[in-house]
Amino acid sequence: MIRYILTRLLGLLFVLLVLSMITFWLMHGVPGGPWAYGQQLMSDQQLEALKARYGLDKPVWQQYLIWLGGVVQLDFGMSFQHPDESVAGLIGRTWPVTLHLGLLTILVAFGVGVPLGIISAVKQNTWVDYLATLLSIFGFVTPHFVWGILFILTFALYLKWLPTGGWEGPQYWVLPVLAYAFAPIAMIARYTRASVVEALRADHVRTARAKGLSERSIMSRHVLRNALIPMVTVFGPLIPDLITGSIFIEAIFRIPGLGGYWVTSTFDRDYPMIIGLVMLWAVLIALTYLITDVLYVFLDPRVRIR
Amino acid sequence: MRRSYRLLAISLLAVLVLAACGAPAPAAPEAAAPVASGPVVNRLGITLPEDALPLEQQVFRYPSKEQKYMTWDASVYEENDGDNYGWPDSCVRPDKDFNPQPNVCESWSVSEDGKLWTFNLQQDKVWSDGVPLTANDFVFTFQRYARADYDFEWFYSMMGIKNWAQVVSGELPPEELGVKAVDDHTFTIETDYPVPYLIKIMADAWVVPQHIVKDRLDDGTWALKPENYVSAGPFVLQSYEKGKRLVFVANDKYTGPYPPMVDKVIVEFMEPEVRFAAYKNGELDAVGGGYTDDLPPSAMAEIMANPELKKELISWPNFITYYLFFDTWNPPFDNLKVRQAFSHAIDRDKIVNGPLQYQAVAAYTMNPPGFPGENVEGLKDVQAFDPELAKQLLAEAGYPNGEGFPKLTMYTREANPALTNAAEAIAAMLKENLNLTVEIQNLDYGSYMDALRAQKREKSGNFLFALVPYEFDFVDGSNMLSVWGGCENAGADLSQMPGRHTWYNQEYNNLLCEAGQLLNDEARRNELYQQAERILIEDVALVPIYHGIFNALVKPYVKGPMFEPNSKGQVTWNRFRFSSRESQIYMSSSTRE
Amino acid sequence: MATAELDVANRPLPRTLRRRSLYRDAVRRFFRNRLSIVGLIIVSVLLFAAIFADDWFVAPFLGRAPQPLIAHYGYDEAFVGPTGAFPSADFWMGADLNGRDEWSRIVYGARISLSIAILSQFFALLIGLPMGALAGWRGGKVDYVIMRFVDIMSALPVLLLAFLIMLRMGASYWNVLLALSLTTWIEICRLTRGQFLTLREKEFVEASRAVGSRTPRIVFAQILPNALAPIIVSVTLGIPRAIFAEAALSFLGVGINPPTPSWGQMIGREGIANMTYFWHLAFFPAIMIALTMLGFTLVGDGLRDALDPKMVEGK
């Protein structure tokens, strides 16, 4: 097991290396630079000076090696968007906020989605099931920025219950979490329903029923445990998505998190931040898959690592 | 198991709802404010008018977008809102009619030949850390402006200061610059030629504390460090909460003509889309009056339909021109007839009465109405809407009914919905009147300016047709025309000529150059600018489309001298850069007229 | 590396049925599901609107520009109605701020949004299927190389990658397609590989090999039909996701170029900003996106249920 995990982590290093090269090549191909463009045309002299200030006057491969040299010493460079902050510092400042939002969202999404899925599976093909399905499809098909604006209009402007945005305390969390959780609730409910339905049909459940076990113990011991296995693989990848934030939610609700930087970094040609974010994402994804796979071994006794 | 899930779900929801209801709603100043007992005196010892709310409610909040830097000398295009009043103070300060008034510079004079300016500073001016503000701070400020990687260097280069270019390029040490301190309270500016509008540019001489910045070549990061929050203006930065807001408090060391009344100014960072909602919800005291789409068409329609909101609306014209330009050095736009056809094919009235209702007036000139040297009346017919004439001109140019005309892309720069609407309307008119197919491509700022630069400097030839605004930098006839040319550098290639577009006219340049050095004869200067603009418009260097109108909503409890009209009877909610907006308001228990 | 053994999302079909009966049963099962039929109807109506928005298919023969059929006006005809007019008998969905008929733009928008969604899945299939098949069939070094490449590509944040591509190449229809295809082929590749990996070990493949069938025959006649089911489902469910992704790109200003309408662009540009008063500018395109996603999701769900032979009919 340990060896398996180590091999995977070694593979991650390789992925990161190649990934950083691809990203470097891609981002330096985008026209424009990190400096402010005034209303007038820059002189050649000014352009040279700006390039030098940002270290962009060297060939791209040299810039890459310089960056790599820094990374080896765990220095990811200074952000171009916030000249007084390092990339690590900027992520360290903004990510906790996004994590906070993401974890709340995950809590709500699972807290609502899983029971909803179980109920509609147990009451399959009744009006309860149809209602839940309809609800989850409704949540799934409407973009969350539409939800966000609708919530602001309803709960802040019309009902005057909550502020329109900001990130100061619990009353500021409600609307973004709800808007953000809508789609995952729908997804989780759908997959939960599917896996529970499948688990209910399994032979051993039939046997258990024949043995005369109570429905409750059948559900908890046989059905849910088996239903959990496929769910792990589906829900795993949801998590990095949710904890890295959404530009839409964070922009609409004025949340000082990481979500916006996935987009502003490219707009502002913040090269160190772009590549820092790519590395962060790659590590998160790799870890998620690794944890999912390891979890799987524990949950499903049939799976063994060869 | 099922029950426990249900329990979990219910308790989660309960926690959320409780959290929502248990915590108090954000403070809204309009909610029945107690009238202060006795007069309100702020931290500078200034007594506020009788109807002022208590000091703790003297907080003014408005929205902005977070930017990279905190000071003018770092970047003008990427500076956070608020630094112009919160930090430094300017040499002179325009009033509501844009006339320079004494500020830190108490008085000034210019020599007979117009090449030496002398400025006398206010005697008792100190920085908020107690250090006296001296002429050396101004000298240092100009030395900082004269550096190659500063994005507003081009602006100060228009002052014609002696040895400017050499200091920028590093050929001469900064001490050789034509800005010199005579004594602690006097400095002089020596120019190579007479610059009649120099005093107007001095409105943007935002003095920085030399004892804090120290390094002349600092990129501007100095102002991001909390220990460096040192101000000479009416306010001083109390805190910068990254990603959230800037909080300014009245500067109790301030001495000068614009002492603050409100105790705090809070700049909330938020996206334009949600500002109107936040304003209506009482989370902001003012919204709009900027370049972002704070009040889009739907907001304007809502305001017009709502008498309460309509009372809070302030509208006034901005000196800005949105125009189409061409690459006149390449086909098909090297043909004047093609450009003329375009200029007659666009019905500006339809645009400003349709998608841009309340946001613009039709434009036929580069200089907007009310701007020095403008000639709106004289030029309005040159490019008048005339679809028949447009068709005919296009046919004469060799493209009858648009046949054979290359497929066109119109580029826009970081367009907000309103600008894209205008672009789409233009495209529709070109299709209807000239049978041309035009696609619109929006570029982000960097890509756009890169392409614009390549078009001129490298003659790339692939950036033929675009829509762009130009807003004034200072109120002088020379300013907006400078986009199209200026004094020629002898023997320079076309690509190195002044101006940002691929249009060249020697006569135009000569006129601009002559007027730019004419001292003490404003009337004659403006006459020359009018002649120059006629060339510009008749040669269809540009097709002006509209001049923008600023709209702002200000809560009725915000009162003060800011709301007194200017000489044209306009009430403006100007950029703070002019007339020092934040020092001229206070929060009142009664409402504004 | 043990990834393959743990790749549980791509578990094989447990029982191999002969192709004919599998698909015939699937069709029967599909049409027995009422929700799938609803989905199919929605999708058909949308496709119909997209195709017959104007008479593009006869216009070239008549030597003129296409005339609107289902649409009332051209998508770029401005000032045909009052600015921001609300829905009425003349303008079923109102007019936008340039006085263009919203109904016509919605109908033309169907063409753009649907074609982008479907084509991006098609291109993703074009890349993902052969790569996945190659990796799964050949295994060994080929598999290793392809899968490491997939690992790398899947570790790129989708939105950021799409953004870099759009900024580098410039906003246009084809570049949106490119950005979306490049970010979706990975899943299809993974899925295909998983299917091939397990199917090639199956008895019927061994049997074919034993009787001397050649590789192309085995791949195309034996494995591919059996591997197709989850891929079809994935592609169907990928369509609503692509529509959403296009909407997100347009919302951020790097999507389809105006005046060509796409639903995402209609919401993102004019809709959201003007939602408080001119509600119809966001409402109708949002409804259309929701409807499309609903239609394809229902069809996708129906296909999954129908193609999954584990489904025991009638429970």
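Think of it as A, B and C in the order they're written, each chain with its own count starting at 1.
As a working rule, a contact is a pair of C-beta atoms (placed from the backbone, for glycine too) under 8 Å apart; a residue touches a chain by one contact, two chains touch by 3 or more.
Please read these numbers as outputs of a predicted model, since none were measured by experiment.
Q: Select the chain at the greatest separation from subunit A, using centres from the mean of Cα atoms.
A: Between subunit A and the rest, the longest centre separation is with B.
Q: Name the chain pair with more contacting C-beta pairs, choosing from A-C and A-B.
A: Pair with more contacting C-beta pairs, A-C versus A-B: A-B.
Q: So the centre of each chain is just the mean of its C-alpha atoms; given that, what is the distance between subunit B and subunit C in Å?
A: 45
Q: Suppose each chain is reduced to the average of its Cα coordinates; what separation in Å results between subunit A and subunit C?
A: Distance between chain centres, rounded to whole Å: 22 Å.
Q: Express in whole angstrom the distance between the two chain centres, defined as the mean CA positions of subunit A and subunit B.
A: 38
Q: Mind pulling the subunit B residues that touch 2 or more other chains?
A: 273, 277, 444, 447
Q: Where in subunit A do residues touch two or more other chains at once?
A: Only 30-31, 149, 153, 267 qualify.
Q: What residues in subunit C touch two or more of the other chains?
A: Expected reply: 167, 272, 275-276.
Q: Where on subunit B does subunit A make contact in their complex?
A: 1-2, 5-6, 8-9, 12-13, 16-17, 19-23, 25-26, 68-69, 75-78, 147-149, 151-155, 168-169, 219-221, 224-225, 241-244, 268-271, 273-274, 277-278, 280-281, 283, 444-453, 456-457, 470-471, 473, 483, 500
Q: Using the touch definition up top, name the residues of subunit B that touch subunit C in the complex.
A: Going by the criterion above, the answer is residues 272-273, 276-277, 293, 296-299, 301-302, 350, 353-355, 357, 409, 414-417, 420-421, 423-425, 427-429, 431-432, 439-444, 447.
Q: Can you name the residues of subunit A that touch subunit B in the complex?
A: Listed in rising order, the residues are 30-33, 35-46, 48-50, 52-53, 81-84, 93-94, 97, 107-108, 111-112, 114-115, 118-119, 122, 149, 152-153, 156-157, 160-167, 169-171, 173-174, 177-178, 216, 219-220, 224, 251-254, 256-257, 267-269.
Q: Can you list the subunit A residues touching subunit C in their complex?
A: Counting only subunit A, the residues touching subunit C are 4, 7-8, 11, 14-16, 18-19, 22-23, 26-27, 29-31, 124, 133, 137-138, 140-143, 145-146, 149, 153, 198, 201, 229-230, 233-234, 244, 247-248, 262-263, 265-267, 274, 277-278, 281-282, 285-286, 293, 296-297, 300, 303-306.
Q: Which part of subunit C faces subunit A closely enough to touch in the complex?
A: Residue positions touching the partner: 1-3, 5-6, 8-9, 35, 148, 151-152, 154-157, 159-161, 163-165, 167-168, 240, 244, 247-248, 251-252, 267, 272, 275-276, 282, 286, 289-291, 293-294, 297-298, 310, 312, 315.
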